[in-house]
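Following are the structures in question.
Each of the next two complexes has chain A plus one other chain: chain B in the first, chain C in the second.
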Partner chain A sequence: MTELWVKNACVIDPIRGINGEIMDIAIRDGRIVESVSDRADVIDAHRCLTLPGGIDSHTHVSGTKVNFGRYMSPEDMRAGRTKRRGKMHVTSGYYVPTTFGNSYRYSAMGYTTLLEGAMAPLEARHTHEEFTATPHQDMLANTLFDGNWAVMDAVREHDVRKAAAVVAWTLNAARGYAIKLTNPGGTEAWGWGDDLTSIHEQVPHFAVTPAEIITTLIQANELLRLPHSVHLHCNNLGKPGNYQTTLDTFELVPDLNPARQSLYATHVQFHAYGGGTWRNICSKAEEITRSINSKPQIVMDMGQIMFCRTMTMTADGPMEFNLHCLHHNKWSNHDVELETGSGIIPVTYSKKSAVNCIMWAIGLELALLTKSPWQCLLETDNPNGAPFVKYPEIIGLLMSKRYRDEECATLHAETEKRTSLWALERELDWHEIAVMTRAGQAKALGIASQGKGHLGIGAEADIAIYPIRTDMVDPAREYRKVVEGFQKTRYTIKRGRVVSRDGEIIVDGANATFWVNAKVPEDIRMENDKEFIRRFEQFYTVRMSNYPVQDLYLPRGRCIETEAML
Partner chain B sequence: MRVILESKVRKKPSLPIEAEAIIPRNFLKGTDLVVFEGNKERTLSELFWIFVEGTAVSPENIEVVLKGDTSRIKRVGEYMDTGTILIEGDIGMHCGNFMSGGTIEIRGSADAWLGREMRGGTIVCRGNAGHYCATGYRGEKKGMQGGTVEVFGNAGDFCAEYLAGGTVHIHGHTGDFPGVEMRGGELLIEGDATRPCGNMKNGSCVILGTVHDLLPTFEKSGTHLLPERNLEMDVYTGDVANRGKGTMMVASRALRR
Partner chain C sequence: MIEQDVVCPFCGCLCDDLEIETDGARIVRVKNGCSLAEATFMNDTRLPAPIRRTEAGWEEISYDEAISETAEILREADRPLLYGWSSTHGETQSIGVHIAELIGAVIDNTSTVCHGPSILAIQEVGHPGCTLGQVKNRADVIIYWGCNPVEAHPRHMSRYTTFATGFFVPEAQRERTVIVVDTRRTDTTNIADEFVQIEHGGDYAVLSALRAIVRGKAHVIPASVAGVAKEQLVRIAEICKNAKFGAIFFGLGLTMSRGKYKNVRNAIELTDELSRHTKFVISPLRGHGNVYGSNEVFTWMTGYPFAVDFARGIAFYNPGETTAVDILRRGECDAALIVASDPGANFPRAAAAHLAKIPTVVIDPHVNATTALSRIHIPCTAAGIDAAGTAYRMDGIPIRLKKVIDRGYPDDAEILRKIYDRLDGGMGP
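Let's turn to the complex of A and B:
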């Protein structure tokens, strides 16, 4: 039995409605309890800001795509090098660091749970191996269904139950957590050298549209009672004028679940562009947030970009090809048979580029114009918009108009004309930041019931104590202190153990991987479906029996079982 | 001031020495510098006999002379900005990394990555240079950006890859792919070259020897007389596969196969 007693903590715990109370937290064997014995280890938080462990609900840290980003950027391995020290492995890399680099830096920032944004089911083993090597965060995997042939067949036949059964089988086989759609239909079209430009355009050879894939899977998701909603990277990412596609997509979404959203729209900054070319691109954040503000069934995340050199990596293969044609830099393109694809290119976001400045402003506009912080979560689509180590700066920008003004003064002159950022006075408070970095994520991902994202009795003792005294810092003026404070926790506690102290990792990690087993009735299970098996054996280059990920790949797997309503 | 470093006999002479500390500026405050031999930290005096002649008040008056077996010493002159380094024998990899000023003279041969990502200054190598002479490191899109590298012998493969500025002059032959990905600067090869300038975007490359396997993505745009050598040159533009605006000149006789 191990016990820990955190006293004098200034707690903000939005899920439980606690906002800045000084309280003590008792922990026994990794969970929060009413009280502990007097033999417990004691941490005095000295009234510092204490939050549930941070949760990133969309990041790219593991899997084939991320790893290929590493192959492609040996120059990045010259950055961010740290030596082996105590319990810490050697790390290197800045925008695509080694797995341990990711894990340590997230931990230093108080993050204890991560959702990998895109896992191709066929390549799930690699993702899970890298999860194991990202030891300080619990991991969840968005599983790609955007170009899944069996799903598209079911969509064409208007068979929601069948689509749900395919999803259930695949999630179980890949040890995945949620349904991810990346440019639905478009990535499959890219397999044929094409892309889709509208959600009502048909995928070649499948006679289904992105809109049909999205709506069918939203329904299937609820039939399976999955903890998370459909997680969507909309069509037409990064194209001037794409905001209309995004709005059209939002219009498709019914409100099906009282406990959470029915659609999670990711990195919406990349989907909120007006204009028709790169020359006249402008912000449509007002239109997007007007839609979000009237639709509680949708939660989005920012997809903030920051000015730096980074790597873009996504299952959206055609989009990456377009970017490659623009930059003429190195490029990787990858097809995953019967499922999806991916592309990777390096980018540098520069203040000299009007387009980049407008993108930067749009991300902030989205966060400031969305009324409820529960509906706009903070992330950069790491590393696509910026490496996650930039989060503290984003927090600073959201909390301080002065900081924004100072940054705005250094931007390309066009930015002011084509965005509304200059006019936005709103400054987010500590509570809203806590929502946007952990509580909102826990609710959106459906893991609050697993004891994540809050500090209630029975919750997992994932806690971040930042060296910030909220009663003594005025974030609007002293934004530097805010940024510094969020860069390095005083203590990061993971399942009741202090894992990081002042940025130093002090123990070996022992993370868990959450995955979902949605139980469907015997008669529609894919392993009993002769036609599914026949097509699988015909088209895949692997046998169906060799496809599922063995338990060996998840040394600390935590299965969430659901009873499907089929 | 002259600092002479004469390498001592080592138990394991093949162990590389990481010697980025050896730049003239560092000797202003004495010779108390550390380097790594393999993974072990060593003081300079453990590895070298050190002789100091004269004094200096500013780093540009400091000359560092390396003697003895220096072929496994890496990163000499890294980030050097002024002064002189004279290497009497061969030198190890990465000599003159990121150098921005001063002069390095190598009487022997240099190993790979000589003058990589150099910004300014002069490197003269009397012998041969290894692969990746005057380039960017793996994945780096801007290689050498300024200064001069002159090699009197031959250079290995990928010479002047990603060259973005400055001058590279190879008196001998180069290996495969000299000047690939060039985006600026000047490359002069007096000897032969194989598959030069692939994916070149900008800059100019002159080859006086024989070109083997000229890439088909270069467009011949005319001829040009090099008066100082009285040589007629075929002028090519490319690499058209990469919207290239580079110029490659090849001695006309070289293409008469």
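Let's turn to the complex of A and C:
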């Protein structure tokens, strides 16, 4: 039995409605309890800001394309490297760090749970191997279905049950957590070098549209009672004028689940562009947030960009090729048979570029114009918009109009004309930041019931104690202190153990991987479906028996079982 | 007993549809495999125990003794080299990296003498590729450049490309155009619809000519480029541009001939150019069964796919300096651990000769040319035969190798973990 007592903590715990109370937290064997014995280890938080461990609900840290980002970028590996020290392994890389680099730096910032944004089921084993080497965060994997042939066949046949059964089988085989759609239908078209430009355009050879894929899988998701909703990277990412596609997509979304959203729209900054060319691109954040504010069934995340060099990586292969044709830098592409695509290119976001400045402003506008912080979560689509180590700066910008004004003064002159950021006075408070960095994520991902994102009795003791005294810092003026405070916790506690102290990792990690087993009735299980098996054996290049990820790839797997309503 | 869907660990194709019959202790029959697979499973002769070289010849020693002495050799060394890794599974590779990190060694894998130049090219211009199933289901144009899959990857064509029935290519043989580029006739060129015979060292020029033609600059091309007639080049460029889906596979004929990584870069840039007309992809034909896995494991752990030097405490990468051949050729290295590969057979003579001068330990299921240069040879399991573990196919798909028999040997991961423990003890890998 191990016990820990955190005293004098200034707790903000939005899920339990606690906002800045000075209180003590008792922990026994990794969970929060009513009280502990007097033999417990004691941490005095000295009234510092204490939050549930941070949760990133959309980040790219593990798997085939992330590792290829490293593989092709020795220049980045040199940009951030540390020696082996104490319990810390060697790390390399700045915007695509090695697995240990990701894990240590997230931990130093108080993050204890990460959702990998995109995993191709065929390559799931790779993602899980890297999860094991990212030891200080619990991991979950979005599983790609955007170009899944069996799903598209079911959609064409208007067979929601079948689509659900395919999803259930695949999530189980890949040990995945949620349904991810990246440019639905577009990644299949990219198999021929094409893309789709509207959600009502048909996928070549499959006679289904992105709109049909999205709506069918939203229904299938609820039939399977999955903890998270469909997680969507909309069509037409990064194209001027794409906001209309985004709004059209939002219009498709029914409100099916009282406990959470029915659609999670990711990195919406990249989907909120007006204009029709790179010359007249402008912000449509007002239109997007007007839609979000009227639709509680949708949660989005920012997809904030920050000015730096970074790497874009996504399953959206055609988008990466378009970007490559603009940047003329190196380009990698990796399409995955019967499932999805992917692409990688390095980019530099520069204040000299009007387009980049407008993108930067749009991300902030989205957060400031969305009324409920539960509906706009903070992230950068790491590393696409910026590496995650930039999150503290984003927090600073959202909390301080002065900071924004100072930054805005350094931007390309066009930015002010084509966005509304200059006019936004709103400054987010500590509670709203806590929602946007952990509580909102826990609710959106459906893991609050697993004891994540809050500090209630029975919750997993994942806790971040920041060296910030909220009663002594005025974030509007002293935004530097806010940024520095969020860069490095005094303590990061993971399942009741202090894993990081003042940025230094002090123990070996022991993370868990959450995955979902949605049980469907015998008669529609894919492993009994002769036609599914026949097509699998004929068109995949691995045998069906060799496809599922074995349990030993998840040394601390945590299965969430659901009973499908089929 | 008959085991289905067994993965052959030999080459980068990792065919996973083999049927292996065993009688308990021995493999008696291999079905579906190529001749290389059959040899891999059937001709599996191993040392009964670790051996050590003495003045009088080889002597058998215990595993404990072999492991202790290996740890001692590594501990004493100033500039140890850990090399190989490509014929074993990921867990072993991962422990190898942790040992290198712990003792400040150089760790390198067999890419250094095969597709290392391809990696350098990819680091310059990227890699537009795909999984092999994309090619199987879609490709109507296949190009094999500087390689001979009929002999080196015997089932590549039947499982993944030329002869494989694909969803959009139901009549593969009739619907696919196969172009083979080589300096000489081979069994693969015999299958080609177009055989492009180029002069030795002419790859770069021919690739440049094709790029120019695809870009609409055919008028600048002379009547013949490196022995290839302009008409043929124009015809091939047209075939490629009119393809629905084209795939280039290349081998050591491109990476190890004059121009090296610049050849590969040029081939990738041709693919990039063709991608502006139609769908085109390119991929190296990787040799060792899990060489791609060693690149993957090294990369997520250290940031670099091969040639990683921990001497400075951080991971440092500079191919040409930190590559195994160069460390050995310069006589810099003072101890070597060779795992799951045979540098004695395929390193340049000067590099191999240096291995014989220094204490070299081999951990490998089989006696090979490196054994003759070594001080200690520790036999172990063979991944995919009597040990399970992860391997990455040449296109990046991770597959679990199976254990089909038990021969009583320790897993190489187990041996390395013991070496690690003797070197450190504190921090588990």
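The rule is simple: the second predicted complex is superposed on the first by the 566 of 566 C-alpha atoms of A that agree within 3 Å, B and C clash if a C-alpha of one lies under 4 Å from a C-alpha of the other, contacts with A are read in each partner's own complex, and residues count from 1 in each chain.
Criterion: a residue touches a chain if its C-beta (ideal position, glycine included) is under 8 Å from a C-beta of that chain, and two chains touch if they have at least 3 such contacts.
Here the structure is a predicted model, which is why all the values come from computation and not from measurement.
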Broader residue contact with chain A after superposition on the shared chain, chain B or chain C: C
Touching partner for A:Phe539 - first (chain B), second (chain C), both, neither: second
Contacts of A:His334 with chain B and chain C, given as first, second, both or neither: second
Touching partner for A:Gly191 - first (chain B), second (chain C), both, neither: second
Doubly contacted chain A residues - partners chain C and chain B: 72-74, 76, 330
Partner chain B, residues of chain A touching it in the complex: 72-76, 78, 328-330
Complex contacts: residues of chain B adjacent to chain A: 136-141, 242-243
Contacting residues of chain A [partner chain C, same complex]: 62, 64, 67-68, 70-74, 76-77, 81-84, 87, 89-90, 92-93, 97-100, 122-123, 125-126, 129-130, 133, 190-193, 205, 321, 324-325, 330-338, 344-345, 508, 538-543, 545-546, 550
List of chain C residues in touch with chain A within their complex: 4-5, 7, 16-17, 90, 94, 98, 101-102, 119, 122-134, 136-138, 159-160, 165-168, 244-245, 272, 275-276, 278-281, 295-296, 299-305, 310, 313-315, 317, 390, 392, 396-400, 427-428
